[in-house]
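Submitted below is the structure of interest, expressed as structure tokens.
Which chain is which? They are A, B, C and D, in the order written, and residues in each are numbered from 1.
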Amino acid sequence: MSPILIIEQLLNGLQFGVMLFLMAAGLTLIFGVMGLINLAHGSLYMVGAFAAAAVAAATGSFFLALAASLAAAAAAGVVIEVFVIRRLYRAAHLDQVLATFALILIFAEGARWVFGSFPLYFDVPPMLSGPIMLPGGVQYPLYRLALIGVGLAVGCGLWWLTARTRIGIQIRAGANDREMIAALGVDISRLYTVVFALGAALAGFAGALVGAIQSVEVGMGDPVLIMAFVVVVIGGIGSIKGAFIGAILVGLTDRLGGIFLPEVFKLFMEPGAATQTGSALASMAIYILMGVVLVWRPSGLFGARA
Amino acid sequence: MIKKLLLSAAIALVGTAAASDVKVGMITTLSGGGAGLGIDVRDGFMLAITQAGRSDIEVIIEDDQRKPDIAVQLSDKMIQSERVDVMTGIIWSNLAMAVVPASTAQGVFYLSPNAGPSALAGRGCHENYFNVAWQNDALHEAAGAYANQASFEKSFILAPNYPAGKDALTGYKRLFDGDLAGEIYTKLGQTDYAAEIAQIRASGADSVFFFLPGGMGISFLKQYAASGVDIPLVGPAFSFDQGILGAVGDAALGVVNTSQWNKDIDNPTNAAFVASFTETYGRLPSLYASQGFDTANLLISAIDVAHPDDADAFRAALMAADFDSTRGDFAFGSNRHPVQNIYAREVVKEGDLVTNRILSVTLENHGDVYAADCTR
Amino acid sequence: MIPERFITFAVPAGLFIIAILAFWTDEPFTITLTTRVAILGLAAVGLNIALGIGGLVSLGHAAFFGLGGYAMGILAYHAQTYSPLTLGPLVIEGTKSMPVIWIVAVVTSALAALAIGVLSLRTSGVYFIMITLAFGQMLYYFSVSWSAYGGEDGLSIYLRNEFPGINTLVPIQFFGLCFVLLCLALVLQARLRGSSFGLALNAARQAPARVETVGLNPVRLKLLAFVISGAITGLAGALYADLNRFVSPSMFSWHLSGELIVLIIIGGVGRLVGPVIGAALFVALEHWLGGLTEYWHIGLGAILLGIVLFSRGGVIGFLTGKAGPNV
Amino acid sequence: MSEHLLETRGLCKSFGALKATDNVSISLKPGEIHAIIGPNGAGKSTLIAQICGGLAPDAGQILMQGRDVTSLTTQARAQAGLGRTFQVSALAMEDTVLENVLLGTLGASGHAWRFWKNASNVRDRLDQAMAALERVGLEKVCDQQTATLSHGQRRQLEVAVALTLEPSAFVMDEPMAGLGAEGTKKMTEFLDGLRDQAPILLVEHDMDAVFALADRISVLVYGQIIATGSVADIRASATVRDAYLGDPA
């Protein structure tokens, strides 16, 4: 293992982590403010990617495509908030699970109906394609570096939004005390729609950003959704800071585990079996991390309540 | 209304009365992830049936949603309720393992248009199971042989951590004479290959062999192109099929892949197939479509000789493989798997269209190593 | 309005009659479908004990379903290949005997439920949902990457396992076996619900603080409910594997966990035979809608949304005019 | 054995800079009703939560009959003889009135690990439960769903559940809350008779009821007990008047 390889893997873990953060931030906000568990968050990720791919195909512009992903996911978010989710705030978690599960089915098959069964084409813009040489001789894809930058910028933006703006104060108040926010005279139903749309837009944005280097296809949101759940559980529900730290932890664990666990097992097993065992264990690494955090802190690293 | 009902009832009666009709059950993936492959097989198959104008062949099509348990239930339905004579359609090896042994054990013929797991080619072969596509290893072996022809000496190889992935790497290694710079198994369904690409970069390999079907391959190719690593790629056709190339775009250009079919194989059957498929469905045919088309034509050729009720005669007719294949010459080996040419193709741009062009024949009349184990 | 007691007896009887009619009219596939209803119903009855009485919204019950399935798959695989299973010094012979397989399935899934329950019950509410989901996924990925038993391809068991005195390959006989187990589970749930344990568990869902202040431990009550629930779902998994003569990681998939919850909600949460009604409707929908259009999931999703938004209490709630317990 | 059935010694609990409980020492003797009064936010709920086991104190001890129970769980304290009623009714609303009381009898027996026999078919428990319901006058509605009870009846049911435990001490959090004049009167009479069975630590806002019932009163302000004494002492205390009673809030 050369130091260059290790640095590269750290960057990869970081890049994966910040993208997870975009997903997890929306989930944790929506849960923190409205007490809603949204399984359809992965579908919004997919909506963003499909919208971006469609717009990129029509206009050829990557940045228009990104804008489209934000708009489409936010619009989808508003639509499902107004027609479905709004009726579920007072409902039991069970109803929320079921209704958002139903939304997954509708979105997945709907996307296939509209866009067909084959993956869509969506690629990195020429100005961001190709590798770049980092100090220390590490060659790294420019686009991924840009993803890390964008993710960190969105993280800062969210921090600024929640800590420094009026709507942020309302969001934090809503997360802590729903009666209080009503007493402050805030239009709750509008606040909820705005937060839901914001969470949806973040998910859609992540879908588009990642879609450019992966395949844009039906069901692409499912694995990310479950990882984002793990992030939220680790970070603590309702905490943006927790989502950020959790996402980076999960990103690093997942990426580094996949590479280094087989190497570790090679120290005392024959290579074939070591690769097998290492890969099998690596696939469980983030869940084991989650288990450890739960034993240590049942309400997550930065969670206020269990 | 009532007249209509009576009419359809009459047709139904006639339908059941005509005992010489052949019932074909097609279980394939038409919804969910990977539906594109099933749709291509279905469309290719039905194109052949329609072109032949055969009204004595009734095809019942069901969607397995790529779920093995659904596939098993559908095969129960086909056999117990519809009482089909022949089954076909399954795309995925794991679904084939769930359905094929039980079906052939119940006396039904099965013609595989895509999956060819090694377990069904060797000791687990069955006299009623015919594979019209390839044994799973074939394209990977061809990739290994191509690597020798291209004088590669040090390959980095990767595949998802599941049985077909392991078969792929085994297949490549079987014919590849060089050394391995690295061998990794990725997570099934993995979409980010940055870590693997970093390892490839650090490995000092002169070639990379990968088997990453479906969305995995798309992700890998895009990320590989962006990484600046310029070690040549080799892979089986699955990641370069016409449906996928549209999503990969220029990132795939120049990659060599192995296939038993391409749209520019020069024979009249193939030319007619490509033209009529494109005209009927408004898209270029894929590898899978050609396999569906060949499967149907093989079936038709056998039905012309004998009805499946006459199992021995029908089996012999299938074995003769007396039909015009889109691949040109086509014959079965002793284990009822194809013995055929495998080509190296290169991804090229024809106008705006990213597609494949044949470079050379990599393996001639290639069978599989499991045939010796097949004693039935 | 129909009394719930009537529904409780009519639903299993109806399922039985359909199977018998299918037998007389020689429609083996209909029997296979009723068997599927019985097994999915059994799995959901298991979940209903945790969910309907204990209020535990587990989105990871596929874990137990899959473990039950793999208990069958692994034991039968070793019996089928005549190779014993070696775990270090321990050598276990495979078996094709259903009763033995069932016991192994029940014990394995109960132990797994204990481990997952201990961790997830440190939390509640949404955390619980997400954590059970995550642990279910963990087993899914493990089964995919553990190649000794087929990984993603799964394991085919060519012949159904054996039960003394019964030819399990005959559809109606295998249905009978599954049906009896379903009825036993229903009786067990009914007794459990009326027992001291059921009373305390039911109260632990509605008012955990009250249960604590009378000197009972609500977490322990819920943990035991989770274990019983996992064990029953595990048994269903073993039967499902035998129905299909095949096991694969898809038995662990989180869509299946979601579908089990769907079955319960369609029938009515916490209702004794709710899961059976749910399973029957689900299987019927899958076959009718699935026959009508490739995109049948859209229809299924719309129906589910309708149930959540407009009809509390599922089918039984609608028939009896009484809303079910609040979970 | 201590003469105090329930006692706290130097109890402290802080939330950040806020001292919610500040060196609180109170006791409960056999046969008495000891009322805790104080303005909103004085820390009454925090105090009760520590006594009953929902919240761990930062410092200090809680003793029952001389035994240190500070580290015991809520369940263990209940089994040691602590009967509690809640400010907001915590009842199984979907169950019948009888089932709620049967739950109490299960607690009294120490476990609920019976899985087959129907819970309402156990003779002793049924008798015990019905007796408790008769004490509070709810025997006629025992088969009704709890959610259909009036507010006053729910308060009575709370008490009945606590009664089944045959506790050695009661902790009651605002049992009069939300009751009308008539209900308060009935509840006052009932509690008056209950003190001989077991003493009551009573947190209550209704001053008339407190003055009618209490043997001793402790006044809690900003987490501190500023005075303890008889009804007359407290009425007369200038400190209390300044800090609390004189305050129109």
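The rule we apply is simple: a contact is a pair of C-beta atoms (placed from the backbone, for glycine too) under 8 Å apart; a residue touches a chain by one contact, two chains touch by 3 or more.
Keep in mind it's a predicted model, so treat the numbers as computed, not measured.
Visitor: Spelling it out: a chain qualifies if it touches chain A and also touches chain B; which chains qualify?
Guide: Joint contacts, listed by label: C.
Visitor: Which chain lies the greatest distance away from chain B when centres are computed from Cα atoms alone?
Guide: Looking at centroid distances, D is the chain farthest away.
Visitor: If you tally contacting C-beta pairs, which comes out ahead, A-C or B-C? Let me know.
Guide: Top pair by contacting C-beta pairs is A-C.
Visitor: Counting only Cα atoms for the centres, state how far chain B is from chain C in Å.
Guide: Averaging C-alpha atoms per chain gives centres 35 Å apart.
Visitor: Determine the centre-to-centre distance between chain A and chain D, using the mean Cα coordinates as centres, and give it in whole Å.
Guide: Chain centres of chain A and chain D, defined by C-alpha means, are spaced 47 Å apart.
Visitor: CA centre of chain A versus CA centre of chain C: separation in Å?
Guide: 31
Visitor: Centroid of chain C to centroid of chain D, CA atoms only: how many Å?
Guide: The answer is 43 Å.
Visitor: Among the residues of chain B, which are close enough to touch at least two other chains?
Guide: 31, 161, 185, 187
Visitor: Considering chain D alone, which of its residues make contact with at least two other chains?
Guide: Within chain D, no residue contacts more than one other chain.
Visitor: Could you list the positions in chain C whose residues touch two or more of the other chains?
Guide: 141, 144-145, 147, 295-297, 326
Visitor: Check the chains against each other and report every pair that touches.
Guide: A-B, A-C, B-C, C-D
Visitor: Which of the residues in chain C end up touching chain B in this complex?
Guide: 27-30, 32-33, 36, 141, 144-145, 147, 150-154, 156, 158, 171, 240, 244-246, 248, 250-251, 290, 294-297
Visitor: Quick one: which bits of chain D touch chain C in the complex? Just the residue numbers, please.
Guide: Within the complex, chain D contacts chain C at residues 52-54, 73-76, 78-79, 83-84, 86, 90-95, 99-100, 102-104, 106-108, 110-120, 122, 161-162, 164-165.
Visitor: Going by the contact rule at the top, pick out the chain A residues touching chain C in the complex.
Guide: 31, 35, 37, 39, 84, 87-88, 91-95, 97-99, 101-106, 108-110, 112-113, 222, 226, 229-230, 232-233, 237, 276, 279-280, 283-284, 287-288, 290-291, 294-295, 298-300, 306
Visitor: Can you check the complex and tell me which residues of chain C touch chain A?
Guide: By the definition above, chain C touches chain A via 51, 57, 59, 119-120, 122-127, 129-131, 133-135, 137-138, 141-142, 144-147, 254, 258, 261-262, 265, 269, 295-298, 300-302, 304-305, 307-309, 326-327.
Visitor: Which positions of chain B touch chain A when the two form their complex?
Guide: 31-36, 39, 161, 183-187, 189, 191-192, 194-195, 198-199, 201-202, 214-216, 218-219, 222-223, 225-228, 243-244, 246-251
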